[in-house]
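Each of the next two complexes has chain A plus one other chain: chain B in the first, chain C in the second.
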Partner chain A sequence: MTQHDSPRDALILGGNRIPFARSGGPYAGISNQDLLTAALDGLVARFGLQGEKLGEIAGGAVLKLAGDLNLTRESALGTPLDPRTPTIDMSKACATSLETVIHVSNRIRLGQIDSGIACGVDSASDSPIEVTPRLRRILHRAFAAKTTGQRLKAFSAIRPADLAPVPPRNGEPRTGLSMGEHQALTTAEWGVTRQEQDELALASHQNLAAAFDAGFFDDLVTGYRGLSRDQNLRADSTLEKLGSLKPVFGVKSPQVAEPSMTAGNSTPLSDGASSVLMGSAEWAAERGLRPLARVVDARSAAVDYVHGDEGLLMAPAYAVPELLDANHLSLQDLDFYEIHEAFASTVLSTLKAWESEEFCRERLGRDGVLGSIDRAKLNVAGSSLAAGHPFAATGGRLVATLAKLLHERAEETGRVQRGLISVCAAAGQGTVVLLESVSD
Partner chain B sequence: MQSSSPQNAPERMPERMKDLTDVPSFPAVYAAALDPRGGRTRGEPVLPSTAYRVSSVRIDAERARDFDHLMGGPATDLVHPGVLHVLAFPVSLALMARRDFPFPLLGLVHLRNQILQHRPVRVGELVDVECRVRDLRPHRKGRTFEAVSTILGEDGEIIATDVSTYLTRGGAASPTLSASPALSASAEQSPASERAARDTSSADGGRAGRRAFEAPTPTGRWSLPADAGRRYAAVSGDVNPIHMSALSAKAFGFPRAIAHGMYTASRAFTEARVDLSRPLRWDVSFDAPVSLPGTVLVAFEDDKDAGTVTCIGWRAGRGDQSPRQCFTVEVTTLGG
Partner chain C sequence: MTDAYTRFTRSAPGGALAKQLGLPRPSKLPRRADRPEPVLGPVVVLGGSAGADEIARLLLHWGADVRRRFDELRKIGSVIVVADEINSPSDLGPLVLPLGSAMRSLAPGARVITLSRPARGEDPAQDAARGGVEGFLRSLAHEMRGGATANGVLVEDGVKLDAPGVIGALRFFLSARSAFVTGQLLTVSTDAGSRTEDDTLPLAGRTALVTGAARGIGAAIARTLAADGAKLVVLDVPGAGTELARLANELRAVPIQLDVTSAGAGERLVGVLRERGLTLDVIVLNAGITRDKLLANMTADRWDPVLAVNITSQITLTEALIEAGDVLGERPRVVSLASTSGIAGNRGQTNYAASKAGVIAFVDALAGRLEPLGGTANAVAPGFIETEMTARMPALTREVARRVNSLQQGGLPIDVAETISFLSSDEAGGIRGETLRVCGQNMVGK
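Entry: the complex of A and B
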């Protein structure tokens, strides 16, 4: 199907993640390195990779301590993998581990490596807390001082306000709005209703719960610290319960007439880690591993959200058509859609944009709409609203889930299955990936 | 249940199992150890035939996490065997603090430790802990015996066995508790332990014998802060005063605080990067104590064919002082 003259395929061989936890939950006091090591340990155990020297491990975290500069390397060294396996740390906000998948895929396709792991982790419970920039500069001056007098002079500049700890910024530095507040503007612009958002959130919980019940995650998730399912999952959620929650985003924005984004239709701050095992066909065959899917192609896009030209989380709406065009596919040619649920309304705004004549003509420069998708093919095993969203871990969760879905469906139907992953990211960015089933 | 271990003391009584309701607290055990023991008979000392058992002890996830973090490792669901050691240690200490135990608890020197772990243990798991003392042997510096802790699963299967070999110094046949605080000291190492350890290894036909220690090329350097003992006490519960501060160590005859031997051993275990899902053996022998604050040079060596990682720790020589070996740690992955 693919139009690329790739020398060889980069195959998704499987994945492993730990259950995602709510911030301050069972993974409180647990570090990014702990979480990532746990995810990698489970992958190693599942695929018998003890002592194995892989081509590369690409990983990353969004909320990252300064001391964690080699987070992926340090985590890998804590596993039974061959310590001579090289690693790289990458970062692209919520698209981090989707980008690590693309990175490993490209390396495999180019023949630079034969195998690799793409992974990501985040802990909102253990996010870095820094000192104020003023205190940092005073301390540097004091450390550089040659004499005690100079040092005392530097220290004497410290004011009580300088000592306040600085937690991670909750929002876009250029607009001062949080991500939720940004999305609230987009939600209002596209007229996404509260009802639609709550329905999408409910479907996410129901689909994730059904997938756990069916054992779908048995070979994708390894328990950690007493959790065996995602902590945020509410199998018994109802529209009534979701409807009773108060809006939290958009309440301070005059352009949002009816705020509709609640804690129920927005993702919670989460802790978790995910990993994806990838390899060439030869490497997989040598180890008797059964490929699930191949990485066909990927695109990324960015939008100018700063002065309101486009919504902060709308970049995937641009990246997806580019990806489809490059692969001569229509939006409706896909069998599964994994659209990251940063907020229910992010998914819904994106779908509405693709259904909009105006958006598709004026923004995408197309002749007509991309059109609607069959909602029964959307996030069929649940997504971030139910699972939670440890930023850099979400891409890995999506890739492993979709690869397994594609493989299973291809086995059932005997037909090649294609699936799309779309992830929006902070600062107006987005990354999208096309996967295709591999079956025997 | 395992019956009483083989004994070399012919007068050994049949084992009496005493169930404790909970793991004893260290301060209480140490306080009991200071209690002068009356009514001890002269003649050949005999180890008590009592065994202690604590049932259904939960492996606490937070404690295991703090232990892992202190050792510089990730918080794993499969617990570091050092966690099993600190779980059982107060139970065996309580056994050794009994009035019918023939040696002063605070004068014991921890010479060796071996943990054999048959299967991984998960955080949150419930285990039974059984502790015994056995195998009293003559030693040229006194006597040695073993404190054996057995960790059992809920189904009664043995998960791990932890054997600590202690030396009780001097007084070949009349081990009386000295009133001198200098002797009321160590449950682990003491300034004399290096000599004792050498003696032991030569008695065992050991590697080093009396030859001077030849330091290998170091692969790492551990800078242990003054509070290293307090930090290990926080995760292990072992508040033996010789580890806690220079002042409290002085009260027991040590010029400075010394690191817990099982801290250095546990840290070496973590850095050995062992696959915790496999059965393993963890052998430790202690030589010279590590003073706090202090610097220890370490040399790791992997023998992939044997499945063994060895770590030697020593303090560097200075001036005309030659380097002194502090510990040897060997971790072997067993079975297929």
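Entry: the complex of A and C
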């Protein structure tokens, strides 16, 4: 490890994920650890990493059991990688594996490590179910009791209502609103129509299906438990079918005049895992691995959604301009946009914000608008609406997909290609990353 | 892997009860790990021909304890009956009768092998004698006990007994690798192939593709070929991708997720091989499925996939690999998976048997196609093998199926794999278009 005057490149060498499944589907009853191990096993097989000691593996899950303290470490120990490979568990809601990519990238750029894997996993089918806080306190009191009498006294405080299990909270702790209800407010605020949302959802399914048909995912996805494509993918979806679904979010909210968010234009609860192999140019060359892209830069932002100042999922609208400015790029200088489809309307609200003179001036403090993007460059290989969204696995899916898109296009055109990844996350946060193609 | 009934008969009370009731008492079949020595000694070579002397010298060279008579031997490991020069049925008796008195002295897991020449439709008396060997051998196999087997090598006229194919077949039948092969005759039709001196790594330096490799027999084949020194390319459907990846990790193999029935599958395989700079020396066409139904209830959605996977994909894949011109090594070996159902037929398997009988005819034609390339093609026909697939059969059907063979038990995936490894070896070059059964001499069919 040497000190570099200017940071060296952190290269995306490839990725592997298992097909994403719908919650309660073929991966029901399979733990986060098993899912992540499967994704890592496929990565090791694809790149011949058996016995390899990597610099670090950074991973995480959002719905995480307390016992999964060292989830990434335990998963890595189940693979043929050298057991002396260090790991770290990280967490930032839906941006988790995008943050792990940034973490590994930074370490490589600073010369602290030469190689690493960024990964993430989630299983909505095996999410933690806890006991009520009152029962937890009673049990702790009973465990601490010194005499049988004290113990019995502690237990006698238990009431039937204490025994109800507490599933993971589906709402923001500070507002009590679910993510969908929050987004329904944003959707209404930006006047995003039902038609727009359904069109975006349809494009996601069509693009993902076309990419699978073209073999684009042959070296990005390894089948698991009989699934070879994302289970949520509906290649034969139509606007009519999507249009027939009933709105599910915003229906009880007085601020939402026309609820428009349906199960079709919102992501389903999903199970899945993804991983990204990264390394320095030297490390890749020594192993004959062909780099796809390099991590140029990253930013994160947070918004005050608690006091209604901004929509819960709007943080990327702030992070992206900061990232572009730092790299002297305009929004239109990018060749691919990967904007995570938490809901179709999240993508659309963000795009509308960048097109809004008022938003750009008052919120972003800019002279003019960021402007529109060429929609033909948006989520061209499908995104979360079609693939599903196992929270901490989505960032890894996006990075590997975009890296391959950039590399392919650069090979075709002979020009450097740039792509943006934007992921919104719970609690009003967002993480964005800029990638640039590397060609042979 | 041993079934419950067999475990019961190997217990003291279970064994006594089975003996009393005259029920099958399957013997433990020693496999390579149990008996690594190439020849179970002492080995007795019967016959007075020049060929018999040649075989005796060969075995001495292998370090075996070679005898030419039974004399007072208490225990006999192997017997080779060299009948290459018999001219009339009356020649058979003097040759084989001495073996009769030695039958009770055969060691557990003993090997009896006949070496003879196939009838050629020219000399009635000679052909009758040559044909007779087959009946003798098949009946003898039924009489073997204690996990012992009997097999024959048929050497075409003009092919010498020290041809690589003959030596390879002899080596295979003598070894514990042929544990579940008995009552079979294998024809060596040319003196092609080359001799292997290092029997411990017969496939060293060779690259082998195994289709349907993610589990069951396919995984066993991949593991066995890797253990024999081959570099592996393992292929299976994308849905089994992670299992395939794990096998690839275990064997340091190259995994390829591909549905062999998809459009352009052959071209995509060729593309991946070129990208990775791989050339194939061994191709094992193992991918197969069953969709059983009586013909009266058979529908196209049960018939078509079976034919598509089990035989059509084999044709398209091999055609694409040959046509590509740059992805096959020298002396390519193709081994395809047939089935005893393809030989004898099986109720409820008109589709499966059609595909597997197709395989048997296909490898014969393919062997001719590969001949100019110095290659060959053969098939193995497994009988009842203990796999996840057969574990799902109804219990009674399964119990009957695994007993109706001379060894009174089901075979293991490794038995099929060992046979395939042999047919993939350099020595097997003179074996062309053959289908070798791995069935414990199942009662059905030939």
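The rule is short, and it goes like this: the second predicted complex is superposed on the first by the 434 of 440 C-alpha atoms of A that agree within 3 Å, B and C clash if a C-alpha of one lies under 4 Å from a C-alpha of the other, contacts with A are read in each partner's own complex, and residues count from 1 in each chain.
One rule holds for everything that comes next: contacts are C-beta pairs under 8 Å (C-beta built on N, C-alpha and C of every residue); 3 or more make two chains touch, one makes a residue touch a chain.
For clarity, every value in this text was computed on a predicted model and none was experimentally measured.
Engineer: Does the chain A-based superposition show chain B and chain C clashing or fitting?
Structural biologist: clash
Engineer: With both complexes overlaid on chain A, does A:75 touch chain B (first), chain C (second), both or neither?
Structural biologist: A:75 contacts chain B only, not chain C.
Engineer: For A:335, decide between first (touching chain B), second (touching chain C), both and neither.
Structural biologist: neither
Engineer: Please work out whether A:45 is in contact with chain B alone, chain C alone, both, or neither, and reply first, second, both or neither.
Structural biologist: Both partners, chain B and chain C.
Engineer: Looking at A:29 after the superposition, I want to know if it touches chain B, chain C, both of them or none. Which is it: first, second, both, neither?
Structural biologist: First partner only.
Engineer: Output check: A:215 vs chain B and chain C. Expected answer is one of first, second, both, neither. What do you get?
Structural biologist: In the superposition, A:215 touches chain C alone.
Engineer: Examine A:172 and indicate which partner it touches, taking first as chain B and second as chain C; both and neither are also allowed.
Structural biologist: Touch partners of A:172: none, neither chain B nor chain C.
Engineer: Report for A:181: first if it touches chain B alone, second if chain C alone, otherwise both or neither.
Structural biologist: Neither partner.
Engineer: Look at A:224 in the shared chain and tell me whether it touches chain B only, chain C only, both, or neither; answer first, second, both or neither.
Structural biologist: Once the two structures are laid over each other on A, A:224 reaches both partners.
Engineer: Which partner does A:99 reach: the first (chain B), the second (chain C), both, or neither?
Structural biologist: neither
Engineer: Hey, what residues of chain A end up touching chain B and chain C alike?
Structural biologist: 38, 41, 45, 50, 80, 223-226
Engineer: Which residues of chain A touch chain B in the complex?
Structural biologist: Result: residues 29-31, 33-34, 37-38, 41, 45, 50, 75, 77-78, 80, 83, 223-226 of chain A touch chain B.
Engineer: Help me check something: in the complex, which residues belonging to chain B touch chain A?
Structural biologist: 61-62, 65, 68-69, 73-77, 123-124, 273, 275, 277
Engineer: Along chain A, where are the residues that touch chain C in the complex?
Structural biologist: So the residues of chain A touching chain C come out as 18, 38, 41-42, 44-46, 48, 50, 79-80, 215, 218, 221-229.
Engineer: Within their complex, state which residues of chain C touch chain A.
Structural biologist: 237-242, 244-246, 248-250, 252, 255, 257, 268
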